[in-house]
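There are two complexes below, and they share chain A, which is joined by chain B in the first and by chain C in the second.
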Partner chain A sequence: MREIDTQVVVIGGGATGVGILRDLSLRGIPALLLEQGDLAHGTSSRFHGLLHSGGRYVVKDDKAAQECIEENRILKRIAAHCIEDTSGWFVYLNGDDPNYLELWIKGCAQAGIPVKEVPLEEAFRLEPLLTRKAARVFEVPDATVDGFKLLWANVKSAEKYGGNYQTYCKVQSLWLEQGQVVGAYAEDLITGETIQVRSKIVVNAAGPWSSEIAAMSGFDVHIQKDKGALLVFNQRMFKRVINRLRTPGDGDIFVPHETVTIFGTTSQTVDLPDDHQVNEQDVTDLIEIGHNLAEEIEQQRVVRAFAGIRPLYESVDASDHEGRGVSRNFSLIDHEKKDGVRGLVSIVGGKLTTYRLMAEKVTDWVAAKLGVQTVCRTAEEPLQNELATEVWDKARQLLGVAAADKMMERLNEQAESVVEAIACQPLLGQYVCECEMVTQAEVLHALQDPSIHSLDDLRRQTRLGMGTCQGTYCTYRATPMIQERFGGWERTVQEYQILLSERWRGITPVLWGEQLRESELARALFLNVLNFKVEESEG
Partner chain B sequence: MWDAIVVGGGLAGWIAGIRAAQRGKKVLLVTEGVGTLFYFSGIFDYGDVEGLRHLPKHPYTLFDSQAILQGQHFVQEICPEYVVSDQPQTAFTVLGSVRQGDLMPRSMVLPNRQAQGRFVLLVPEGLKDFFPEIVAANMTREFPGWQVSVKKMQVEALAEWTRLGKSVSSIDYAAIWRSEAGQRALAQEIEGIKRQYQEAGKSSSQVVVVLPSLVRGYFDSSRTKPFRNEFSLPVMEMSSFVPSPHGRYFAEYLKHTFTDLGGELMIGARAVSINGEATVEGQAKTCQELIVHSMGKSLRLKGKKFILATGGLLGGGIKVSMARKSITEGVFDLPLYVPNEWSGPKFFAPQPFTQAGVETDEFQRPLDPTSGQVVWDNVHVVGRMLAHWDPWTQRCGGGVSLTSGYVAAELI
Partner chain C sequence: MDSRDELAARLDACQKCSVCTAQCPVAKVNPHFIGPKGLGPDMERFRMGQIIQGETTLDDCSNCKTCELTCPSGVKITEMILNARRAARQAPNSNPLSLKLRLRGYVLGRAEYLGKLGVIWPSLTNQVLKIKLVRVALDRALSISESGPLPAYAKPLKLQGDKGEKLGASARKQVVYFPGCYTRYNEADTGRIMIKVLEHLGYKTIVPNFHCCGLPLEANGQFEQAHKNGLYNLELMRPYLEAGLPIITSCTSCGLTMKEDYPKLQTTSAQLIGTQTYDLFEFLWQLYEKGELPLDFQEVKASYGYHPPCHLKAQGIGTPALRILGLIPGVKIRNLDAGCCGLSGSYGFKAEKYDKAMKIGSTLFEAINVGAGRGDFQGMTTECGVCKVQIQHGTGLLTEHPVCILAKAYGLIN
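What follows is the complex of A and B.
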């Protein structure tokens, strides 16, 4: 058994957890974050990637709307490299509820969300795929955010200030002594070792798993697990975020992202915190609704479907207890007040756009308990330092502008060593992933990170396998690197199989058109050309 | 009026066209593109023919063993580098692992694993999607009695290119090996390897040079090959990755074989529909003409027989629309067999959707799967368009395509 002493244990490596870790670290409070899987494997990477302006919430939830617009402005400043400032449109269709439109315009004014009406002709010129049923179009400061990048940036920044995190480390129980939580027991899932962490405070930031964590000590934190399914299209259908101007419902957001569009969502209460399966009915329903905003949706190619779990918090006094009726606000639960136990706080609800604010509130609470006076700096201190122009220029010379810029954004401060490696050995500048323009040198660099335990972890860090080929070519191209890192041919083959099976789960609900052809090609390559073993069917 | 019009220039289409032309028929082959031959490893798999013949409705149930053998010998006849053997033959994959194959070029067949010898893996600089260390390690594992070494070589024409960190595809290297300068460079390199062994006082008699995709197999009547150099050591080649040099040159080779036999060819032409009717009400229809779109024009082509070789899901013969609202065959609008379950949870396991396709009678004429009636009496369906098989998990892609193409040509 390994023993660790620290001040604060943070449970959960999603956006909120890493945000808290960074905030604690910036205030000089020693902390350890424990995550059962890889960072960002849950809700923080399983959403549409929309940085809300707050427009979606103004009518029903003005507090959430206000928080959104404030955080939207802060994040555009401190996390510029994770955000594409696309702006967003709210599109009111012929026949939509005019009362809602009126309330929405008023709500935006109240929440301080700047709104500009776009003349229809202009709108159709700028977004040719937009439905001709559009009657009025309003521009708001929506943007798109890369959840993966945002998480890595937070964690790297936290590390710089002394914060620690451990992935694949599952909390087994909270450590209680005389009415106080004094730490946690966890299992290192890689080595099987038990870890005993002593701390003054434990923060439960486990998102959809928060109920399970609280329940370990018999406390009740009721999280409504609300599954949202999303589709990935293989190109940018729109340049901006497109929302439908109506009471928020299924299938009314299109979000352009790098080379793809994410379209969603649905809302369905589920029992399990990791119920990520999308069924075909969800997909057909989404496409049917999608016609309202994009009539030509059926001509588009769907690459895959995925789902995330919104961890919605039901406070006792909420009147509406179903899916979208539940507030998107977050709550901080002090278990001393609620359950009479000191040293434990749960942070629940909220959304990615407000992760920093949630982290700030939690850290304020922790700091007060620990008697730390340092104030929060996360709203001012950027997540990334300015990069030296020489590195940037050199990268552009070696790789071309598009690939270099993408790489610099992904790696920021760590780009220099990768650029050097390519300069010394030009063949390392060859792409492993052509969709996301990821070079061999970058993959080699990522593999040096000790927290990468599988090809799937590598995918989250480098975006390998997330493009149109869904892992067919890029995993093959990573073969020598995978073998070098994980050791042995059998393990390499196994890693391929795990990654491709994981990708397959997201492809099967959308198995038609060009993506079906792509899948047949992948089967031909792996089963025939590369001679991989055929698996037995189930049942 | 042609005796037969073949729609589709993939493996099955070419084989049908060549065999029909060889039999003295007036044949036209209409194709939109190059089909899936660019994914061809260079090896034809037949699979467990007897086992597969016991699967209800598998295409192999349409053919007798004689036809399957005739098809194999036909390939050997038109392309003598392909060896038919009773013994299982093996070749290297592009990863250096060993795979079985039923019909492969002589230059790919692996030596005896029990014997001893030396493999020298000759790797041209900057070859894309090729990993010499992995290949050498896999070769060593597969051939414990053999010594494996890697030798890199530089081709002068590409020296500057690779110095800049650019990779070279195996298609480009294959083209270089077929040029006079490329052959000379290769011959010199191999001579150098031989000398090295001799100077070190070792025998070079058991040295085999292994090259990724040399594509020696289709040299003779292909017009891209100016001359043929003999090498001073035995040279073996590995099967191809994609885009496949073997596929490229095999497609070209088949094209020349076909036109040399008098076959007529229309490339870049998309067959869109057909005209035909039933002579007797309620009976199978007879197709009279094929309507083809080519270079902005619409052409009507008349034929006695039609061979449908447009491929399946991968080749584009079968189209599946969003949410699977429709699953269609695009030329004749033939009724298709579509399984109830579409996919299974394991990626590498047999998948139900692979069974989709056209059901036929013993003459490969399309059937209506509900009534069991022949739909067109002068249309024969070949290759991946046939229902009830999976080339990848059953490993019979080459077998079904070659046999069905060959047999259909016999029916013209």
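What follows is the complex of A and C.
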């Protein structure tokens, strides 16, 4: 058994968790983050990638809307490399509720969200796929945000200030002594080792798993697990985020994200925190609703479907336990007040756009408990330093603009060594993943990272396998590199299977048209050429 | 669907199989070139994210269209690359090409004006272009390779109007000839021979004062001028198209442009051009099938290697010249089909591309040298003027247009 001493244990490597780790580290509070899987494997990557302007909430929840617009401005400043400032449109269709439109315009003014009406003719010119049923179009400062990049930037920054994190480390129980939580026991899933962490405070930031964590010590945190299904289209259908201007509902957001468009969502209560399966009905429903905003939606190639779990906090009984200044949007549960046990706090609800604010509130609470006076700096200090323009220029020269820019956004401060490697050995600039233009040098670099334990981890860090072909070519092309890192052909094949099964899970609900052709090609390649065996799948 | 949507849909059709890159003549000789798939559909997804690519990367494509021919999913790869080039040129903050390269694009794009100048005193032009110092100067000043096989100029082809004759069905058989800049200014003999052949078949040939088809302009980034040329030529063709006259060309690149690009232009005659344009031998084969091609051939005791130009392949009409020449007694012809010659319009004239172009053509040169060395054939034949220039440059073997062989068989020339 390994023993670790720290001040704070943060459970959960999603946006909130890493945000807390960074904030604690910036304030000089030693902390360790424990994550059962890879960073961002849950809700923080299983969303549409929208950085809200707040426009979606102005009518129902003006507090949440205000938080969104404030955080939107902060994140565009501190996390510019994770954000594409696309702007977003709210589109009011002929026949939509005019009362809502009126309330919405008022609400935006109240929340301080700048709104500009776009003349219809210009709107159709700028976004040719936009439905001709559009009657009015309003521009707001929506943007798109990459959950993966955002999370990595947070942990890298936290590390710089002494913060620690461990992935594939599953918390087994909370360590209680005389009405006080004094740490946690966890299992290192890679080595099987048990880890005992002693700390003054434990923060439960496990998102959809928060109930499970609290329940380990018999506490009740009632999270409603709300599954949202999303479709990934092969290309960018729109240049901006397209929202429907109506009471928020299913299938009313299109987000141009990196090279694809993400469209969603649905809403369905589920039992399990990792119920990520999308069924055909979800897909059919989404496409049907999608017609309202993009009439030609059916002609667009869908590469996969995926789902995430919104950890909604049922705030009815929360009002009694709410922390200071926390809106109904998210809740800070002080278990001393709720359950009479000291040293444990749960942060629940919220959305990715407000992750930093949630982290700030939690860290304020922790700092107060520990008697630390340092103030929060996360709203001012950028997640990473600007890279020297010479490195950018060199990368662009070697790889071309598209590949270079995407790589630099992902690697940022670590980019220099990768660019240097390509400069010395130009063939390292060849793509392993052509759809997403991931170079051999970047893959080799990522494989050096001790937190990469699988091909799927590599995918999250580099986007390898996330494009049109969904891993058909890049996976086997990465073979020599993977084999060297993971050791042995058997393990490599196993990694393929895990990754391809996950890809396959996302493809099956959208198996028609071009994606069906692609899948047949992939099958031929892996089953016939590479001699893989078919495994019986469930269901 | 407008063209943007059409392209977007074809982008979706790409299965990432890389057949295009495997067949790309440029990718074969340049391991640092990411190939048509990379430059076309792969990059296109990034370009939609408002990433503007630099012109220099896009310039590696030689516009031979082999990729479009090989794509099993109908993706318009070269078109995507050309559109990206256009966007790169129009981008406000793009890294502009040096003045030298812009000027070169201007010069190489304008085969027509060069032709007009060159034919004022062809022998003088040819002598001047043979002076080593002139070529070195061109290389230094415009990056036009000093080693590249710049074609010689000759007495230009005479234009022939319709002289107010009646057009269409009731009139005598007429065709409109689009000679293209190469035939018009560099090798008018081919054009004159073709007109003789058509005359032998009972056709009167009309040669209006066409401008350059636009392909070299496009390939050198002069998109607006290419567009203007297309509209001008279509306007000139209009009365003939409306009267149902076939438009015939002996140049495979002009033919491809008229068949593929002109129908997209916004003018009335654009709708007719696609169905009324013929490659010369495509037209002749149609006559043969209808039983209208005279078969009064003399025996021609000669053997040829045949090189199918890339832009002929891209037309999707097979190799009609081979079929026609196969009808001539005595003619022995071997289809080499050994890939692109490398010159690809004006690609191989560029200083930084010359070596690559020669490397691309090396497979073809070798096939020719081996075949000729073995005595399989004595001469070469191909429809495309610049392929011919490159073949002669790479192998020294005399190369002629297939219509010359046909004319010999009809006893029209010796």
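Here is the rule we go by: the second predicted complex is superposed on the first by the 522 of 539 C-alpha atoms of A that agree within 3 Å, B and C clash if a C-alpha of one lies under 4 Å from a C-alpha of the other, contacts with A are read in each partner's own complex, and residues count from 1 in each chain.
As a convention for this text, a residue touches a chain if its C-beta (ideal position, glycine included) is under 8 Å from a C-beta of that chain, and two chains touch if they have at least 3 such contacts.
Computed from a prediction, not measured in an experiment: that's the story for all the values here.
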item: Which of chain B and chain C A:T259 touches, first, second, both or neither; value: second
item: Contacts of A:L521 with chain B and chain C, given as first, second, both or neither; value: both
item: Touching partner for A:I287 - first (chain B), second (chain C), both, neither; value: first
item: Which superposed partner A:T191 touches (first chain B, second chain C, both, neither); value: neither
item: Touching partner for A:Y476 - first (chain B), second (chain C), both, neither; value: first
item: Touching partner for A:M437 - first (chain B), second (chain C), both, neither; value: second
item: First, second, both or neither for A:L427, with chain B first and chain C second; value: both
item: First (chain B), second (chain C), both or neither touched by A:K239; value: second
item: Partner with the higher number of touched chain A residues, chain C or chain B; value: B
item: Chain B versus chain C as contact partner of A:G467, first or second or both or neither; value: second
item: Chain B and chain C footprints on chain A, overlapping residues; value: 426-427, 517, 521
item: Touching residues (chain side chain C, partner chain A) in the complex; value: 2, 4-5, 8-9, 11-18, 31-32, 34, 37-38, 42-54, 57, 73
item: Footprint of chain B on chain A - complex, ascending; value: 280, 283-284, 287, 297-298, 302, 398, 422, 425-430, 476-477, 479-480, 483, 489, 497, 500-501, 503-505, 508, 511-513, 516-517, 520-538
item: Chain C partner contacts - residues on chain A that touch it in the complex; value: 84, 128-129, 234-236, 239, 256, 258-260, 296, 299-301, 396, 400-402, 405-406, 426-427, 431, 434-435, 437, 467-469, 472-473, 514, 517-518, 521
item: Complex interface listing, chain B residues touching chain A; value: 36, 39, 41, 45, 93-95, 97, 99, 126, 128-129, 131, 133-134, 137-138, 141, 162-167, 239-242, 312-314, 316, 320-324, 342-351, 353-354, 391-393, 395, 397
